[in-house]
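In what follows, structures are represented as structure tokens.
Each of the next two complexes has chain A plus one other chain: chain B in the first, chain C in the second.
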Partner chain A sequence: MQRSLNIDPGKCTGCRQCEMACSYENEGVFNPSKSRIKVFTFDAEARFVPYTCTQCSEAWCMQACPVDAIKVNLATGAKEVHADLCVGCKVCTIACPFGTINYNASSGKVMKCDLCEGDPACAKACPTQAITFVDSNWTGLDKMRAWAAKTDTGARAN
Partner chain B sequence: MHYVVLGAGPSGVVAAETLRKADPTGTITLVSGENEPPYSRMAIPYVLTGKIGEAGTHLRKGEDHYAARGIDVRVNARATSLMPDHKRIDFADGSHMKYDRLLVATGARPVRPPIPGLNLNGVHHCWTLEDARNIIKLAEPGTHVVLMGAGFIGCIVLEALAARGVQLTVVEMGDRMVPRMMNPIAGTMIRRWCEAKGIRVLTNTKIKALQNVAAEKSRGIFGFLKRRAPTEARDTLDVELDSGEMLSAHLVVVSAGVAPNVDFLANSGVKVDRGIMVDRYMRTSVNDVFAAGDVAQGYDFSTKAHDVHAIQPTASEHGRIAAMNMAGHNIQYNGSLQMNVLDTVGLISSSFGLWAGVNGGDSVEIVDDANYKYLNLQFADDVLVGGTAIGVTQHVGVMRGLIQTGTKLGPWKERLKADPHRLMEAYIARTHLT
Partner chain C sequence: MGWARKILRVNLTAGTVKVEPLNMEWAQKYLGSRGLGTKYLVEEIDPKVDPLSPDNKLIFATGPLTGTMASTGGRYTVITKGALTGAIACSNSGGFFGAELKFAGWDMIIFEGKAPSPVFLFVEDGNARLLPADHLWGKSVWDTEHAIKAELQDPLVRVSTIGVAGEKGVKYACIVNDLHRAAGRSGVGTVMGSKNLKAVAVRGTEGVKVRDFLGFLKASETAKGVLAGNAVTGQGLPTYGTQVLMNVINETGAMPTRNHRDIQFEGAHKISAEAMAEKRPTDGKPNLVANQACFGCTIACGRVSMIDKTHYTVVNRPQYWGASGGLEYEAAWALGSNTGVDDLEALTFANFICNEQGFDPISFGATVSAAMELYETGALTKEQTGGIELRFGSAEALTQIAELTGKGEGFGAEIGLGSKRLCEKYGHPEFHMGVKGQEFPAYDSRGIQGMGLTYATSNRGACHLRSYTVASEVLGIPEKTDPLATDGKAGLVKAFQDATAAFDSAGICIFTSFAWTLQDVAPQVDAAIEGGWSVDRMVETGERIWNLERQFNLAAGFTAADDTLPKRLLSEPATSGPAKGRVNDLAKMLPEYYDIRGWTTDGVPTNETLARLAL
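And then the complex of A and B:
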């Protein structure tokens, strides 16, 4: 069974534990600016929205990579950056219409959510279950998928 | 069914792989004009800097990637003519090949302007792996290198040459760097940054002629007086500028634009404008001949016109959609968007879509000269249609998303005009919170 991150902004309190956990898990430091999940704040509405890669089936980043450095992890379904192959050209960062693959100046390579090899640190760290790791077939994910499909450049028959 | 894909760049490779998925039994031949495994030109600068070896440029890393998919790769085969009535391609070595459906993904080649001396030793394009090998031999630390052209490709080459520690002078005939990607304010900011990093940037300047140092020495004292920097023992070339100045160089790299590889299509009936004209199914004007990638003039959804978008994402999308249609599906391409990202000696810039704006449109611009930061958003009504960023790298892709989906920004347009850095919030608010 493949699982996906499900984000319920209504439950997010803006505590940013997810950012800290992501940064520590992937970069070894507690630095929200190195996190692959970001919590966006909407002061006027008093809302917080955690946001990260949806591992979309279009995989814009993967298709745009000139050196095959982004591949699908067949166990988790995540599109993963292989740091040994990434040359840091940044084309994926302009190709991803969700803005969720980003350049990391300290490594000279790009980084994105890789679902922590099937055990995402953000979901474990979230105290309010705003971020959960659920069965990919759960229908609640359809809204996120519907948006991803809107960005397609040609209907997909394959 | 025999599918022939001419050109083994990203578009050709994606097409061949897609053909295999769409038609498990067809015969697929992928033809490269160079004597290399399919590789990515985009990765060549990183070979120059030593970040990767040559194998790091290969589009697919597995030894048997193509064989395992039943894709026959033929290298060193340059097409010389196409005869659609006989469904036949002729090659430079005298051989020929028949096809049932053909994809032309032959890309582009660098233009060599009609300037005397560009045929001399020590003058190279930076386009192929072979060019990279030649440049690596000459671009040693401290050597004088002259780069002709500061367009997008020129600037990528600039970054790699600078990283090799050469003494670099860039000569651009336009009034600024990357004129087709950056407006004057942004282009000037990039120039200031490059100059602060020790690169000499000459705009509004043309190279008049190149000659061997020995020939120029016969001019004696008059040649000497035209120089700002003394000639080094390693310098073999003299570069004469239209300003009258003379530059000495060990290596001259020519990056003066590209032209589509369409010569072999003469008399084939395939219609060519700035590239091969294709419809939204990537079909050319000739039956069973498709085109994709840098050679194709395809649909641009932001201008509703046809244009050549010589960028990797467009190349792979073209390749995928062309292949699906070649295999008998009926898939319309929604169109591509002009966009680029550039790293000039550490300053990262990007531009998207109609970055110069539209008639009757609206815009916001933030210029922070001291910190080399710039952000410019262009709107038509309350929809984002273009953008430019310098020194901003996080979440820039969302500009593509907002442009491509035509998302109505509503109240967020005014919020973005007050603070354009809130792009990601605007996107989330308008797509996930409504």
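And then the complex of A and C:
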């Protein structure tokens, strides 16, 4: 089964454990500035919103890359940057409508979420289950369940 | 590893910045943050220095766990000689600034001297420079943070700043980071203002390494599980915040009310955690909007609130309509019960003003309550207060005086003196409710005896965060003791003081200690840094730090005579509740405490004690 990161900002407290876990997984150091997932705090509304790549099926970044450095991992569905091929031209960062692929000046390559080969560190580190890793076909399940409960009248047929 | 091994020395007089290696011998003895910063301060300043003179120094220090994946590992401490107290000051803050400073590669920043005109420091990884802040002087905490981010064209910088209160010399001004997290007590922001230093802006992209990553991840994950499984840190604090205590402490009969004249507040239920979560009749929304975590924190106790837009304090004032740091227990008590005000929205507004202009709601609320007592006894007149009727229970008086204090205007400038100086000025020093010039926090020591000893001996003046024996005496952590008994409290206070110094110096939040003991902390510290950090070594380090702070205060001129409580607590019996009829029996606990500490009967560490602790 293919899985996707499912993010529920309503559960996020803004603690950044996800950013720490991501940076350690990918860079071997605690360094949120190198995290592929980022938590945004909207102070006036007191909302904390983690955001990262959604792994588009026909990914703009992948299609824009002139050297085919971004490839699909068939096992996970993740669009992965192959650092040995990436030339750091940043065309993908322009092509991505969501801003979730970014240039890393330290490495001279781009970086994006690769779902940690099917075991995302951010989801494991999240203390409130604001980030979970669920069936790609049913990312709407929780919302559907909530709405199902709301639309239920409680009536029983005799 | 764990430590960045690098400190930044900023001479504000000369306008220079200099990189120095961290003194690793001291790091091994004092761990980091509170302990290590104190060691640097003690070595570098004359203890008798005027806190507001350029010869005082101001140190921002991170700990070895700051910027790691340890839960709550994002704290920094500001160490200086306190403007409010003249004693050692070490005020700890969460938010995100501390971790950012560590990510930029620094254990510590030492500010010395005084800038000829306002400046702010910008640290971008290994580069640091002083920039003019004339255009920021006079701006609030909130406006300063926004202005600096815009000026640097970097929304990711973290800003720690003073508001107008710190500029105007309010004696209990804070240093506020991330809009509403504060190094709150003892007037560390006042010292910053006296140096013409408006703010510190940091952007860090170098990251933090630890000695043994795999061992560290294992230890920190286990410890996170302990927090999650604990009733206080896993449920109580995230759901109710520290406000979970309001009703508990009120029922214990230890909630100071109307400048400690009473010990229980009839309006407690109106300003409690439960009240914050209730939907308001006016707009159908609760005061509490969210719980927010500081960096790396898996507890997330922080309260974020929004004020009712129809409340008198904010009508037609949209700058206060957004969310900001809401009432923690200490603020709700100081601004509420202690002034007799039970209007939740008014308290929230006063708290927002504390956030906005950077001053400590505990000392502020306590000073207002002392002023209210002066006013009601006739020692202070309406002419002197500028027309404000400073009566207990008046929300209008509270919110009006909060705005004036934040800007150092009118009678607010006098409230900014703190209660000791204010009460002395108006001829009633006995109305000052505090120790070593610092106002009490939210526990009346007639109802919780151990807290009397805690306050009397706290190195930074009256404070609940040096040895929170409430945990044992009320909550039963780690084991229940009788709050009305004095037996055994000397040992309890010492144990809490030493452990707390170790927690603080590691770079984590003391709230973890509701669930963690040093048995949970030591493995994390040990995996982060070199040196073999056992529980015993942590305890010994904590005791060393405590004695170092004590020595500084003794050299600054404090004596055993300052280890005391106001007459009211020692001789006026509690009026109600389980402690009715009781005073604080400090005299029964203090000699035993000195003895257990290895101090003389005059409260001076003996040579044997100093030698044992390698001081």
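The rule is short, and it goes like this: the second predicted complex is superposed on the first by the 139 of 158 C-alpha atoms of A that agree within 3 Å, B and C clash if a C-alpha of one lies under 4 Å from a C-alpha of the other, contacts with A are read in each partner's own complex, and residues count from 1 in each chain.
One rule holds for everything that comes next: a residue touches a chain if its C-beta (ideal position, glycine included) is under 8 Å from a C-beta of that chain, and two chains touch if they have at least 3 such contacts.
Computed from a predicted structure; not experimentally measured.
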{"item": "Partner chain in contact with A:45 - chain B first, chain C second, else both or neither", "value": "both"}
{"item": "Which of chain B and chain C A:53 touches, first, second, both or neither", "value": "neither"}
{"item": "Which partner, chain B or chain C, touches more chain A residues", "value": "B"}
{"item": "First, second, both or neither for A:125, with chain B first and chain C second", "value": "second"}
{"item": "Chain B versus chain C as contact partner of A:93, first or second or both or neither", "value": "first"}
{"item": "First (chain B), second (chain C), both or neither touched by A:67", "value": "first"}
{"item": "Which of chain B and chain C A:21 touches, first, second, both or neither", "value": "second"}
{"item": "First, second, both or neither for A:30, with chain B first and chain C second", "value": "second"}
{"item": "Which of chain B and chain C A:5 touches, first, second, both or neither", "value": "neither"}
{"item": "Which of chain B and chain C A:101 touches, first, second, both or neither", "value": "first"}
{"item": "Intersection of the chain A residues that touch chain B with those that touch chain C", "value": "45, 47"}
{"item": "Complex contacts: residues of chain C adjacent to chain A", "value": "67-69, 71, 96, 99, 103, 156, 179, 204-210, 213, 217, 224, 228, 238, 289-298, 300, 304, 306, 322-324"}
{"item": "Chain A residues within the chain B interface of the complex", "value": "9, 38, 40-42, 45, 47, 49, 51, 60, 63-68, 85, 87-103, 105, 108, 143, 147, 150-155, 157-158"}
{"item": "Touching residues (chain side chain A, partner chain C) in the complex", "value": "13-17, 20-21, 23-24, 27-34, 43-48, 106, 125, 127-128"}
{"item": "In the complex with chain A, residue positions of chain B that touch it", "value": "10, 14, 18, 21-22, 40, 42-43, 46, 51-52, 56-61, 311-313, 316-317, 320-321, 324, 329, 331-336, 339-341, 343, 348, 350, 352, 393-401, 404-405, 423-425, 427-429, 431-433"}
